[in-house]
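Next come two complexes, and both contain chain A; in the first it sits with chain B, in the second with chain C.
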Partner chain A sequence: MVFLNLPLLVRSRGPDEFWRKRRIFKLAAHYRSRTRNVYSFAIRSVHRALAYATKGRKLKKLDMAQLWSTRVEAGCQQYGVGLETFKEGLARSDILLNKKVLSDLAIWEPRSFEALVKISRERAAVEGMPDIKRRSAFNQVYGLSNLKLD
Partner chain B sequence: MSFLAQTMRQMLRHVPNRSLLTAGAMRPLSISPVIGQQNKPATESVDLSAIAKDQQKECLSICERINRQVQKSEQGRLFAVVHLCGKQFKVTPGDIILVEGYWPPTIGDEISLDKVLLAGARDFTLVGRPILEPGLILVKATVVEKTLSHTKTHFRKKRRKQYMRINFQRSPHTMVRINSIELARPVDGNGEGESSSRRLF
Partner chain C sequence: MSIAKRVQQWATFARTWHIYDCTWQNPFESAKLVKTHLLGLQKPIYHPMNDCGDHVVLINTREIALPGDEWVKRVYFHHTGYPGGASWTLAWQLHEKDPTMVMKKAVYNSMRGNLQRRHTMQRLHLFADDQVPEEILQNVTNQIRTPRSIPQRLDHIDKETLENFPNIMDYPKDYILR
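Let's look at the complex of A and B:
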């Protein structure tokens, strides 16, 4: 009885097992104990790590956006302006800086950030946004003070 | 105490926002169809004649002070926020910024970054609406390296379903060094607000 079906040859793995396992062991070289030495443990950890890496690339962008929001919010809260009011005031003033750049300015250029908060606050006061009721006494934004509130 | 108050007032005054001095400062958002934003129209439109005389004089004195400082080269090191390939970078001379994806300039090309959203020095800040006037701030840069990123693994596996796919990708990266940031023209209070709004952002 001779087996002539070619798909049955798939059962024979041949001499490449060493190299196939070596590829997994190279990825698992920095793990500890049996996940480094035993193939059945190593391939589970390697697959989980690769799946985490793929998901983590998307999660990192969300984490960075959340970090920038937190920093910008902390920066403008020390001037008494909320984050939504700040963003809306900047957008209505045609200033299109994004949150990454705003967080950099809040940390490294505090006086420029203070100027942006003042522009935004004055705009919010002039256009009657719900958070800001009146102008700040230290306002230095020219060109807007002739507008009446209400 | 009065000296302290005067110093405080002078410190606060040292952050002028030049672009708010332009005519039509309450102009509605020029590119609101592009970004789909709901913009509430201003209660009234303001032109230069409506600004009080003393404020106009104060604006002019602030611009004169900036120009005098720039003439004597006392402004320190400038920083700028530039818009490049859909991203915004806060740059200062000597920085290296990374442009991801395909970008046509080759190694050695000297380029000028024209879309400056904000520029500042030690004592003043120029805020663009949305960008500063063309030619006001000159940002020169040089492409120093074109390389590929590290290998990113795209791995998908469905357990107990015999499904496993793995792809590797390396995206092109271009490194750009910022050579100089200069204030090319004196700052005046009558910026041409209309010309910058006509440009595509």
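Let's look at the complex of A and C:
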């Protein structure tokens, strides 16, 4: 038995073809030459661009985290404290600030950031962390000097 | 933060000029330190698209110290682009031709190979000795601390210090050092 009318079904995809292609053409409107006018070229470029956008959403989070780390580390280096020591000192002082907030403080609120570095440095010195060897009388943080070590 | 404070905060990180003494320093460890200042990584306002890098003046690049036997083992490759235009130069030969090239290549290779690299290298100023032009010295406001301390050479100690240095004992006049 031979179905002769089956290939003819491909010729009538229905009345929505125009709108389906228009959706792709709108995404490809800012491309150049045939990638904006010819559907077979436009669909390839749109697929690739959407794949890049999907990957870029993940990469942007990694890039921002790395940028915040760089900025916080640069802020700490001004006071001679390493980034890991700074984060550990803040965590042990129950200061729960993430790197995004810390980087904003380092840029826009330098005095507040300086206070955080001092607290972290004193905590690191009191608890004997390897980076900080001795306490700094100049950067005394009141309250921590009376800390009783268990 | 008010507008005036923001301007002041931003002006704190304006472009500055640093000077760095390369005497007896490892060029590859120094390059990481110099790169930090050229790119502006030591500033909290750093962003890859910001143009916030500082100028760095390197002096005494003739006196750098390569680790181990790298003076005779390290090879610098260069190609002109034409067929047969390749050349391999040993480090000591390159240092004889141009005393600043080893340090320059060390800083160049320490950066990521993107389009910013050559613009960043334009903020690097290299001098083989300590003769720096006056218009550059006028800009310098900071000295980068070198990671390696320089011991004093025995033949550079002045005679007075050598003679007045305390001895454990005095040799007799007719003593013969064997």
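Note that the second predicted complex is superposed on the first by the 129 of 150 C-alpha atoms of A that agree within 3 Å, B and C clash if a C-alpha of one lies under 4 Å from a C-alpha of the other, contacts with A are read in each partner's own complex, and residues count from 1 in each chain.
As a convention for this text, contacts are C-beta pairs under 8 Å (C-beta built on N, C-alpha and C of every residue); 3 or more make two chains touch, one makes a residue touch a chain.
Everything numeric here is computed off the predicted structure, so don't read it as measured data.
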Checklist entry - Putting chain B and chain C onto chain A via the overlay, clash or fit? => result fit
Next on the checklist: A:126 in the overlay: touching chain B, chain C, both, or neither? Say first, second, both or neither.
Outcome noted: first
Next on the checklist: A:117 in the overlay: touching chain B, chain C, both, or neither? Say first, second, both or neither.
Outcome noted: neither
Checklist entry - Is A:28 touching the first partner chain B, the second partner chain C, both, or neither of them? => result neither
Checklist entry - Thinking of the overlay built on chain A, is A:98 touched by chain B (first), by chain C (second), by both, or by neither? => result first
Checklist entry - Just chain B (first), just chain C (second), both, or neither: which does A:106 touch? => result second
Next on the checklist: Quick check on the superposed pair: does A:74 touch chain B, chain C, both, or neither? Answer first, second, both or neither.
Outcome noted: second
Checklist entry - Quick one: chain B or chain C, who's touching more of chain A? => result B
Item to check | Touched partner set for A:54, first chain B, second chain C, both or neither | outcome: first
Next on the checklist: Quick one: is A:42 in contact with chain B, with chain C, with both, or with neither? Answer first, second, both or neither.
Outcome noted: neither
Checklist outcome for this item: Vertex chain A, Cα centroids of chain B and chain C as endpoints: angle rounded to a multiple of 10 degrees is 100
Checklist entry - Measuring by CA atoms in the overlay, how small does the chain B-chain C distance get, in Å? => result 8
Next on the checklist: Just to be sure I follow: which residues of chain A are touched by chain B in one complex and then by chain C in the other one?
Outcome noted: 108-109
Checklist outcome for this item: chain B partner, complex, touching residues on chain A are 47, 50-51, 53-54, 57, 91-98, 100-101, 104-105, 108-109, 111-112, 114-116, 118-119, 126-127, 138, 140-148
Checklist entry - Contact residues on chain A for chain C in the complex? => result 67, 70-72, 74-75, 77-78, 103, 106-110, 113
Checklist entry - Which residues, counting only chain C, touch chain A once they are in their complex? => result 1, 6, 9, 12, 41-48
Checklist entry - Tell me, which parts of chain B touch chain A in their complex? => result 12-17, 20-21, 25-27, 29-30, 37, 39-40, 42-44, 46, 50-52, 55, 58-59, 79, 81, 88-90, 117-118, 120, 125, 127-130, 152-157, 164, 166, 201
